[in-house]
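Each of the next two complexes has subunit A plus one other chain: subunit B in the first, subunit C in the second.
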Partner chain A sequence: MSSRYSRYVVRRFLGAIIAVFAILTINFFIFRILPGNPIELLFRNPRLTDEQIRALEAQFGLDKPLIDQYFIYLINVFQGNLGLSFFYRQPVTSVLMPRMINSLILVLPSTLAAIALGIVAGLISAWRRGSKTDVSILLIGMSLYSLPTFWLGGIFILLSIYYLHLPVSGMLTYGAVYSSWTDLLIDFLRHFILPFITLTLVMFGEFMIIMRNTLIDVLTEDYVTVAIAKGLSQTKILRDYALRNAMLPTISIIAINLGLVVAGAVLTETVFSWPGVGRLIYDAILNRDYPILQGAFLFITISVVIANLIADLLYGLLDPRVRYG
Partner chain B sequence: MKKIIEKFLITSIFVMIIMSTFLSMINVYSQAENIVKIGWGGTSFDTFNPFTTYAQVSGWATSDVYDTLVRFDKTYTKFIPDLAESWEMNSTHVVFHLVKNATFHDGVPVTAYDVNYSFYLASQPWSRLSPNVEGVEKIDIIDNYTIAFKVKSPIIFMLMAATVVPIVPMHIWEKVSDPSTYPDYPPIGSGPFKVVDYKEGQYILLQKNPSFFRRDWIPNVDKIMIVFYSDVTSASNALRAGDIDAVGPYVPVAVVNDLMNDPRFAVFKVRPVLYFYMAFNMYPEGKGNPTLRDPVVRRALAHAVNVSYLAELAWHGYAQPLATVMPTTNIFYDPNLKPYEFNLTLANQLLDQAGYKRGPDGIRVSPNGTPMKYTILVPSNMPELVRVGQQIALWWSQIGVSADVKAMDTGSMASIIWTKVDNKTTLGHDIDIWDWFVAPGDPTILSVFLSNQVIMGTSDSGYVNPEYDSLYQQMLEAKDLDTVKEIAWKMQEMLYRDLPYLPLYQVTAPQAYNKNRITGFDLDWPGGPFGGYDWTVFLKIKIVSPTTSAPATTTTTTGLTTTTSFTATTPVSVSATPIISTSATQVATTTTTATAAPPGISVGTSLIIAIIIIVIIVIGLVIWATTRRGKAS
Partner chain C sequence: MILGSSVKKFFKDIRELWIIYKNNRLGVAGLFIVLFFITIALLAPFISRYSPEQTDPSAYLEPPSFQHWFGTNEVGQDLFSLNVYGARISLLVGFSAALIAVFIGSLIGLVSGYYGGLLDEILMRITDFFLVVPPIILMIIIGSILGSSLMNVIIVIGILSWSPTARVVRSMVLSIKEWPYVEAIKALGGSDKRIIFRHILPNTTSVIYANMALSASNAIFSHAAMVFLGVGDVNDLSWGMILHYAFASGALSSGCWWYFVPPGIFIVLLIFGFVLIGFSLEELFNPKLRKI
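Entry: the complex of A and B
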């Protein structure tokens, strides 16, 4: 058994490495396929001389043939050098890292809250299938899932402007000097609460629906019927029979979402002007800042691959069938 | 078990509600109230390096960090002494006498050597300022505080270089190994403000420099912060929520009503620096429809466009029709030009006389058989331009011209306009609608129409005219302002006649600030106080009273609302159809539903309540219906 598991682990690892290579390649070429010369677009300026354009192109390595650019890119990536941002004229990593931390601060708590709420609500829904509770939870979950994020965020902003008087932009009151840690915490929470609620509500539906549907499948299995017939307690049936089996698909959804945490939340961050990766990506698209986009996508895809790898390994432990598959 | 779970769910929802109400009641009183905060929506700050920055907000935010030799006043016709306390000009030389007590923020005195080194950096090929200092032939340091420039044209040098080139400390920059990638943070200048904090993509914090050499320029406030937003809508929301005190470069038309109804805010129109135009591809080697190279065709098309109506359609009272390639605030604007008369009969006549006969499908065909079918490219980030394009297509359909409007992102648009054929750049489109921001102080915008500008990727019309090129060269070498103006007018008249561009309208976009918080600045700078051109706003701004957590209901008088502040005579409405002067009939059928309204949230309280009520009713109905069915079975 253990040798089987280790072979499974090796296979998964190899798969992940191949995936990362494929990502690197696609990541490079996808931005070159986009129409438009970034230099000309970024610096659309009647004063630019031909000489200046050439100098800018040389500065960013755009004067070399595509295939050379590709190998230079690969070598640089392995040396941890993601290049120079077209727009900020700074190394991509130094722009990206602080943003990633800001994103984690917002997105990780929201994702965890959405997962917790989603799983609990899904459980109730499945257990009381067909009841008023089930229908209302399902309806709320579905509507939140289909609501556009910017609309929900916009409603919260309006509520804040007219009633709540909470700040609607940034992480902290810029330029504030705090007398104590509690002041800092309160100021942070005042900025945090609206994007947090928005993001949690938007993600909640997905987890809830997955949990409910898999649980319903499991609850109609024969072994659950037998368990009920045996007169086992509700708690025991739910915990030992239903939840375990329903956990598998939920784990893969959770893994993908936790992997995406570093991506920030493009819409929520833009609506609430949260200085995270999501807003960075949004601005980078507008500015055609390829190196930033490449760097951000690289981090996102690699973290999704890693999260998936962990999910796969967990799967192997939780469900022996996977190892032999 | 399920009881526990239900309790958890209900508790967590309650916790969220209680937390947000709790947080909304308490407010941390911190020193942030002494800081004036100005929000900027759109392209964010790029770099402090004044020779490589291209973002408007970067130059503006550091305009009082670095000094220049001289400054413009708000009419852009007078020079104000800055680092140079006086200067003399003859037909070939400009000599500056520098102030003697100026120091950089690190205490080192500013001398002629720093000026010389700054102009040297500006002239490097990687520098964005190198075209500005092209006319400089020789720089002589006469003594520590006197410097002489030998130039082709003293007036052009004053307009394009002396007012623009920032003076940086030589003792720092000469040690930089590669100034073209130097981030220059924290920047050391000699101006009335220092940069004390900068968070990329978030804000820049300026602090007053109390030892600045011009005592009357010492800022009124200690700290000014410029906060960056992805777009003007988020910035406007932040203004309404009290996060910031003012918004630039403009507030979206969609939220203007909400801002005007709130007693906290002053809303006003700015003097225009932005205009929109339609470019015809008339490049002789271009790949577009060849009929556009015929001047009669362009004239006929121009007569079939009602620019006054388009200005109203796109900006609802915040734009005026324009006849030349620069907005009225530019000192070289030619006031003699008037927009082409909107006259479909005349347009039809012109085409008939030139031999463009209507084909069986009603579309005219040129004498050598090319149908007059065009594609109009418009940038998709400005949805109102799609409407403008469709309106133009509708007018043209009445003179037998077919036009197809295509919206796309600016990157794709640029790649269609400047296509490469055999490694040579040529123009691949028919017609495009786009915009230019034009600085009020210099005539550089006229260089867009030089013959060599297609290859450079700036000319989208392909205007080729050697006479025009030589006039431009003459202008750069003209000895006095009147000659420059005379030549600039002549060039604008040529462009008006030859129609590479059909100028559409200039934008007097609204700006807003919290009048309970700040006061003291001019509203009539070109582009407005927060538009990225006014360098005096940071010096003049004053705080009225500290912000409180609840919006104040009383209005303090500021005395500012006199000159250019917004007057309610032009009603602003997002959904209302603009008033039409001519051709009311065809207009009714135009604006299709294909275009979205310009972005912006302008929902009132009543709408929120209505939405909540509808949601509750729908949920209630669904629950009722499903549980009834459940009982029946």
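Entry: the complex of A and C
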């Protein structure tokens, strides 16, 4: 580890911490610029007694000036206290946690599948640039990129109603009793397959275009021309020269586009009633459940910042110019 | 006088751009798609056979027929007319939000790239922040809080989508400001404002046009997604609204494909048109991407 790399790590960590504070601040002020009383918004719950409201007021410091409220809010967040959901009548944190896990179950496999497919298609497309194969792959990629996630999901629901006969809502059949683990797994997979395909396809379009453009940049470099002139085999050029050098920009661009993954997930979960954070957001909009919206926003943005930090650190490890500068 | 000559210059630029652009077949296709939808939006009252508000109590959720080409919805409105009128809001949102986004993005990119230093560092951190934080989530939250008038939705989309433009413009400015002629103008005593707007900006217009098209496609997508999720005015007739009601009313899960399929196809086509234009412009100005 050179001192340059440690400096790089410190810079990235500082950046991430600043981003988290920016998110917390935005989150605080967005919900304070609302017209009306924040107590009404934060605790609009008809079943609260006067005593409970006073306790909550004291906890969130709503009788104090705005700046004090801000620090009380920060302390509350770091203690994992995000307020009460109007709708579920539970602390926001305990509503969010299980939803987060359900979201990851859907999002992680789809993202990995989309990246893998995107790399393969982008590679073929870039290598055969200008050919019919390239144009058709590019057209498919652009069409998938233009597809609204929720519409594609809806199309799969229609297909399922008329042809596929797969379940289109939830993670498991509601109220089902399973005789064995395999039964449970099969039921889960039947629910999983359509949202998985939807999310993968939508991200694939984006990743494929990124991969193709990065590879074209690499393939026009002098060392690739030299490799071709030396008569090296196609596989060797692609694997050892092009892919290796295209990996770095791809990692950073994918990290920047993680917001896209989140957007795709929110819409896919909504359409398929997948019980993740995305569906939670949709329900919270319908129920005007602001504490949940606020909490979900915080969760998602902070996870994206952390994922970005990981990608940045990985980038630094892989790039010798950062490692030994 | 000045206005007249700059308008003339603008049309000259466009003409010159067109001479190169028209050889890009995908780009021309994209342009035709967008023009097609603009025509439909303008001629909506002449194309549709029913008023979009008109309900027919005897025809709920009917599949396509000669009376109703795209069938009817759950309150008996003619879906063909709804889809035709829906083009108006989608285009309006696309163009106006893209204008806001590209205006802010170009300004920040120009200032950040030209002045450099601490200002650049701060502006780019802010830009990164908006690139990383998923805009759609912020849009949903701000939109659902601010209230859902069409104006609010356009402003929210515009304000949250400028960061890609800012990044690209900044990187162009970084190289342009090193060109000898910029130095020459500086030596002649040209002010910063003059250098930025008279000498650097014209060299970035190509990238700005490309980003305009891509921003428009993003704005149309974001608007449809917001309205679909129930943020934004569901009374403003748009394709996203038709999809929202098709989903929320349960028509989708009972298999009414004629309700759900057409608006999506229109959104895809329009976005695809803008994406084609954007990518073609990018390809024209980036020699590495141009086919040899």
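One rule holds for everything that comes next: the second predicted complex is superposed on the first by the 272 of 325 C-alpha atoms of A that agree within 3 Å, B and C clash if a C-alpha of one lies under 4 Å from a C-alpha of the other, contacts with A are read in each partner's own complex, and residues count from 1 in each chain.
We adopt the following convention: contacts are C-beta pairs under 8 Å (C-beta built on N, C-alpha and C of every residue); 3 or more make two chains touch, one makes a residue touch a chain.
This one's a predicted model, so the numbers in the text were calculated from it and none came from an experiment.
In the superposition on chain A, A:Arg190 makes contact with subunit B only, not with subunit C.
By the document's definition of touching, of the two partners only subunit B reaches A:Val95; subunit C does not.
Of the two partner chains, both subunit B and subunit C are touched by A:Tyr162.
Of the two partner chains placed around the shared chain by superposition, subunit B is the only one that A:Ser131 touches, whereas subunit C remains out of contact. In the superposed model, A:Asn213 makes contact with subunit C only, not with subunit B.
Of the two partner chains placed by the overlay, neither subunit B nor subunit C lies in contact with A:Leu66. More residues of subunit A are touched by B (comparison of subunit B with subunit C). Legend: residue contacts after superposition of the two complexes on their common chain; A:Ile17 is shown touching neither subunit B nor subunit C. In the superposition on chain A, A:Gly259 makes contact with subunit C only, not with subunit B.
In the overlay built on the shared chain, the residue A:Met142 is in contact with subunit C alone; subunit B does not reach it. 34, 130, 143, 154-155, 157-158, 161-162, 168-169, 270-271, 282, 286, 288 are the residues of subunit A that lie in the contact sets of both subunit B and subunit C, per the superposition on chain A.
Interface residues of subunit C, counted against subunit A in their complex, comprise 125, 128-129, 131-138, 140-142, 144-145, 217, 221, 224-225, 228-231, 243, 246-247, 252-253, 255, 257, 260-261, 263-264, 267-268, 271-272, 275-276, 279, 288-289, 291-292. Put simply, subunit A touches subunit B in their complex at residues 34-38, 40-53, 55-56, 59, 84, 87-90, 95, 98-99, 113, 116-117, 120-121, 123-124, 127-128, 130-133, 135-136, 139-140, 143, 154-155, 157-170, 173-179, 183, 186-187, 189-190, 193-194, 197, 234-235, 238-239, 270-273, 275, 279-280, 282-283, 286-288. Interface residues of subunit A, counted against subunit C in their complex, comprise 15, 18-19, 22-23, 30-31, 33-34, 129-130, 142-143, 145-151, 154-155, 157-158, 161-162, 168-169, 213, 216-217, 220, 256, 258-260, 262-263, 266-267, 270-271, 281-282, 285-286, 288, 290, 293-294, 296-297, 300-301, 304-305, 308. Residue ranges of subunit B in contact with subunit A, taken from their complex: 1-2, 5-6, 8-9, 12, 16, 19-21, 23-24, 26-28, 30-32, 35, 37, 43-44, 46-47, 49, 52, 54-55, 125-128, 130-132, 180-181, 183, 197, 199-203, 205, 223, 225, 227, 229-231, 234, 237-238, 240-244, 381, 410-416, 418, 444-445, 447-448, 453, 455-458, 549-551, 601, 603, 605, 608, 611, 615, 619, 622-623, 626-627, 630.
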